[in-house]
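What follows is subunit A paired twice: with subunit B in the first complex and subunit C in the second.
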Partner chain A sequence: MLVRSAPPEILETLFSRLSGTGKVYGPVRQGKAVRFLPLSSISDAELSYQRTVLPPKKFFLPPGETLLTFAGRGEWRVPDEEDERIVLFGLHPCDLHGIEILTVFMSDAVPDSPFLRRREKAFIVGLSCLPDDKCFCRSMGCQTSEKGFDIFITLLGDRVLLRAGSPEGYRLLRMLDGEAREPSREDRERLLNFHRLRNESFTLSLDITDLPEVLDLEEESQVWEELGNRCFTCGNCSIVCPTCSCFNVVDIPSFASGETKRVRTWDSCLFRSYALVAGGHNFREKRAQRVKNRYYHKQKGFVEGFGKPSCVGCGRCISSCPAGIDVVSVFKRLTEAYAK
Partner chain B sequence: MSKPKVGFFGLTSCAGDQLMVLNCEDELLKIAGEFEICEFTMAISGHYDGNLDVAFVEGIVAHEKDLKTLEDVRKRSKILVAFGTCAAYGGLPSMEGKFDFNASLKKVYGEETDFLKKLGTRRASPIDRFVKVDFVLPGCPVERDEFLITLASLRKGTLPEFFRRPLCCECKEKENVCLITEEGEVCCGPLTNSGCGARCPSLGSPCAGCRGPLEEIHFDAKAKVYETMGMPLEKVVEKMKNFSAPAWVVSGMEGK
Partner chain C sequence: MTRISDNPYVPRKAVLLSRKELSPTCTLYRFRGEGRGPFSFTPGQFLLLTVPGVGEAPFSISSAPSEDGTFEFCIKRVGRVTDHLHRSAREGDVFGIRGPYGRGFPVEEMKGKDVLFIAGGIGYAPLRSVLLHLLKERESVGQISFLYGVNTPVELIFRDEVREQAEAGTVHYWISLMEGDLDDFPAPWSRGLVTDFIPRVPADPENAIALLVGPPVMYRTAVEKLFEKGFREENIFLSLERRMECGIGKCGHCAIGYRYTCVHGPVFPYFEAITLTEAI
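Our next item is the complex of A and B:
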């Protein structure tokens, strides 16, 4: 599809075009945290950010979302649909993959209509990035994205490349023709150099070629027990994971109105209550079983079901674990044990 | 349906949970309209000794009179709610669990402690050590919203189901940067009941554990984390014990 080259000032033009179509959210630095927040101008966005605390799943599967409201027998209503279009500006390739994985998952079996409705309405602008010591997206094949964006921006110093990823993105790029042009030979060289630099900058990597098979063999590995002793099962990794989508549904009655809201809350398979069933039986009673389950789901179960892991290598679980557990070392230890 | 009969009781406590009820100013008239408030230690003088549908009991058992009140309330009530962290886990008054009881008494009251014996002063304890508790509303004080949701559920003839996760979940949903990993603070978040919306960490102050320990706490993991952060383990235990010392004793964690 269409690729255009322009000076960085084009981002201002792009922003004003986008803000005419919906509310624009992008990465904003607040103290030590970077969060996707509403942007009032392009200068609010931190274009060189590393990772936000929460991934963009919060826009499609908001925590504490009201699914329906009921007052009595047979009387219930779903919340009004949000009319406003949202524009997500500045998403890194790992997050684009995260949204794609969630969309596939949420479309499967019983389609999740609130999620899919929001996804359909979102215009997504991707943004290039360089890895830090917690990024391992390249190992997951998520360092670049071929879909899941309308426009993708690659920052190349005093030039930016804008790549269309959808008919709507194509139309928008066409409107910028006055300020943008066909990429020159020099632009192409710069892009290749950028790709090289990005690929050489990874310090963390994980070979997942035979991982599902290794996991089949290492079900009883001591690694799980040790991990169970170290993990708080606090749920931080699930909350910040771009592809963790498990939720609990609770009814919250209002004393003032007499109505009850049915709300879905982010949940985690790491919690004891998650596998608790009627009669008090818990099919993942031990912490080690629950930690293991999360790892197996990402690198085995999802591969079996959907052909690829549901990990995008964004590094959020590493940076947010208060027990200092990192997924790459865990799998490396397993593969080493297997090799012995 | 007749109005449910409810009572609010204060054992030894700061009465902060009862005060929180009175602070529900917008809802007070509705509460009074939908429930028959038979007893309220802080707000109603006089005594009622009939049966109750629901008793909200705040505070700890610190002497014989507390125990008598508690046992009497239990006998008269269909549902007994441990109202606040003191009643549920021991709260701040049970902090003395960290010290020698008799030495503490002497330190505070001097050598003349006979009058305390007459009162039947005892080591402060949460109410589940003496009577069956049907429902727990933790918090110091109880969260207003959770109290009102509880009332709404009771009005429908049931009890609410609060989804208790580690506090970290609410903290991350607020997109806070972790005070443990980023600031090296002694934060009780991973061990503490959610429900406050991570109020303190959202203001930059580490969780003090005032909502009490989760049903399943993982002490060893906590210990390791703080070791790697170069913090003495006792500091963490001490902090958690400020609000829930007796709960830790029962979990077998007291010596660690």
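Our next item is the complex of A and C:
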């Protein structure tokens, strides 16, 4: 892997190179929130941000996406493909893992081509970070990234390290050779110190080694009932989750144009209508059933299907829950009950 | 990264050839799929049917696989899409179809074995696909028994076919009703639950396959009685119904545990179904 060391000013050069290839999005502060928004210069970006409200999945699975347009009887067409190249600048390792998990899922069995086309076209720049009290990415093995980016930037005070993760990233990095150099001995020391500092900064952790097996035994646990009583089933945790990708498909007629659009919109398994079938039967009528289903899907179902949990430890579900429910303490209660 | 092929969300066209009312709430629709080569499927598989401008919904195919590109749905009027179909679908209208999707019934495994069908209400529709397929080569399987339960006589769909098969002796029907009577019908019938017949049906559990389609409550009782009779888990197959938006394992709605009803089902061997939380 090609690694280069450079002063922080190189990010400006990198940005101008990137903005020549497509529309660049990055973390922008808006009041208390940070969001992935279009950047007109590198100074728009908040490089020390903690977490954005929505994960970058919104670029690949838009909250509302027209799949088809129906015009007249028995005629339909697919919307034109978006030609514009997008560049996502400043994604933390957890979000890179989130995109990787979604890409594996969307490629399985029958590939979801609208999602995969957008993913294939995007250029992704990763960015190092330090955890806060809601981050538990390290417990999910998502505190570092070895793939899923074209370039990864590690901020080391008055130096930055740039790693190439794709042929395109490699070529771009080579073009910056005038401003960058091989990492020095001092750069390596700084990097090791950064790793140490990051690893020591975690305050939240969860041992998931035996969690799927524990979940097998705890299907009837009182924990689910209690959780069902606390949870508002508002769906915030799924909306902000980097790996939640459930959607609805609805046909929306327009009286003005006479056309009907088939749109897919984000959905949440916590919503009451999620498992409701025509005729009125609901397979998960109770809130406790729906909350439990989400926890089982993340830490058991996805593990069985794809070999790892569909959780990256980004902490968004914790920071966005109006009931103050925190996924780590829920699983800890279960494993503790198991230990007794 | 996986190669990105065709957009799986784009339906192909299907023309409605005919419709036939089977009961006040059920209608049989016959379609011909257009374009993109021959149309083949396994009994038990489903298609997503688009009513242009209204919506899309999954339906099991009710006809046997055929060479001519035609297929049938037996559709009960229960929701928005089905209501629209019942009210407005006319011969010659163009609809959209996606699929066939999912895992069907193991028709190859049935060869040389007795086949026991158990249907509750509209559950007859997907099983009819298997039955008509087997009847094309009647001698390929042993005894065919069909336990068919409905609430009232008017809900007994495909009555003429049932009568014909019963009279010909190709299929042994046992019909249960919750209320009403069946006058002059060439098959045993009684009041009660369809599962009541299970102990009385002659079948060699060592060499038989049971196929079940009906409401979850029927599955619980039926499986219990099949076990009492000596059936093994691996010889019992059932079709599960869940909400589906995509049919290709993406929208999440039909997930049971880590399985997607649309991809890994809708037909599951009983052993798989019991390992899935909330399955039945």
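Rule of thumb we're sticking to: the second predicted complex is superposed on the first by the 340 of 340 C-alpha atoms of A that agree within 3 Å, B and C clash if a C-alpha of one lies under 4 Å from a C-alpha of the other, contacts with A are read in each partner's own complex, and residues count from 1 in each chain.
Here is the rule we go by: a residue touches a chain if its C-beta (ideal position, glycine included) is under 8 Å from a C-beta of that chain, and two chains touch if they have at least 3 such contacts.
A quick note: this is a predicted structure, and the numbers were derived from the prediction, not measured.
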item	value
Which of subunit B and subunit C A:276 touches, first, second, both or neither	second
First (subunit B), second (subunit C), both or neither touched by A:120	second
Touched partner set for A:251, first subunit B, second subunit C, both or neither	both
Contacts on subunit A seen with subunit B and repeated with subunit C across the two complexes	248, 250-251, 253, 260, 267
Residues of subunit B touching subunit A in the complex	26-27, 30-31, 148-149, 151-153, 155-156, 160-166, 168-169, 172-173, 175-178, 180-182, 189-191, 215-216, 218, 220-222, 224-225, 228
Complex interface listing, subunit A residues touching subunit C	67-68, 70, 73-76, 78, 103, 105-114, 116-117, 119-120, 219, 245-251, 253, 260, 262, 264, 267, 269, 274-279, 283-284, 289, 293, 296-297, 300-305
Subunit A residues touching subunit B - in the complex, by the definition given at the top	31-33, 35, 52-54, 63-64, 229-236, 239-240, 248, 250-256, 258, 260, 265-268, 271-273, 287, 319-324
Of subunit C, residues touching subunit A in the complex	1-11, 13, 50, 52-57, 78-79, 82, 93-96, 101, 241-243, 245-246, 248-253, 255, 257-258, 263, 277-278
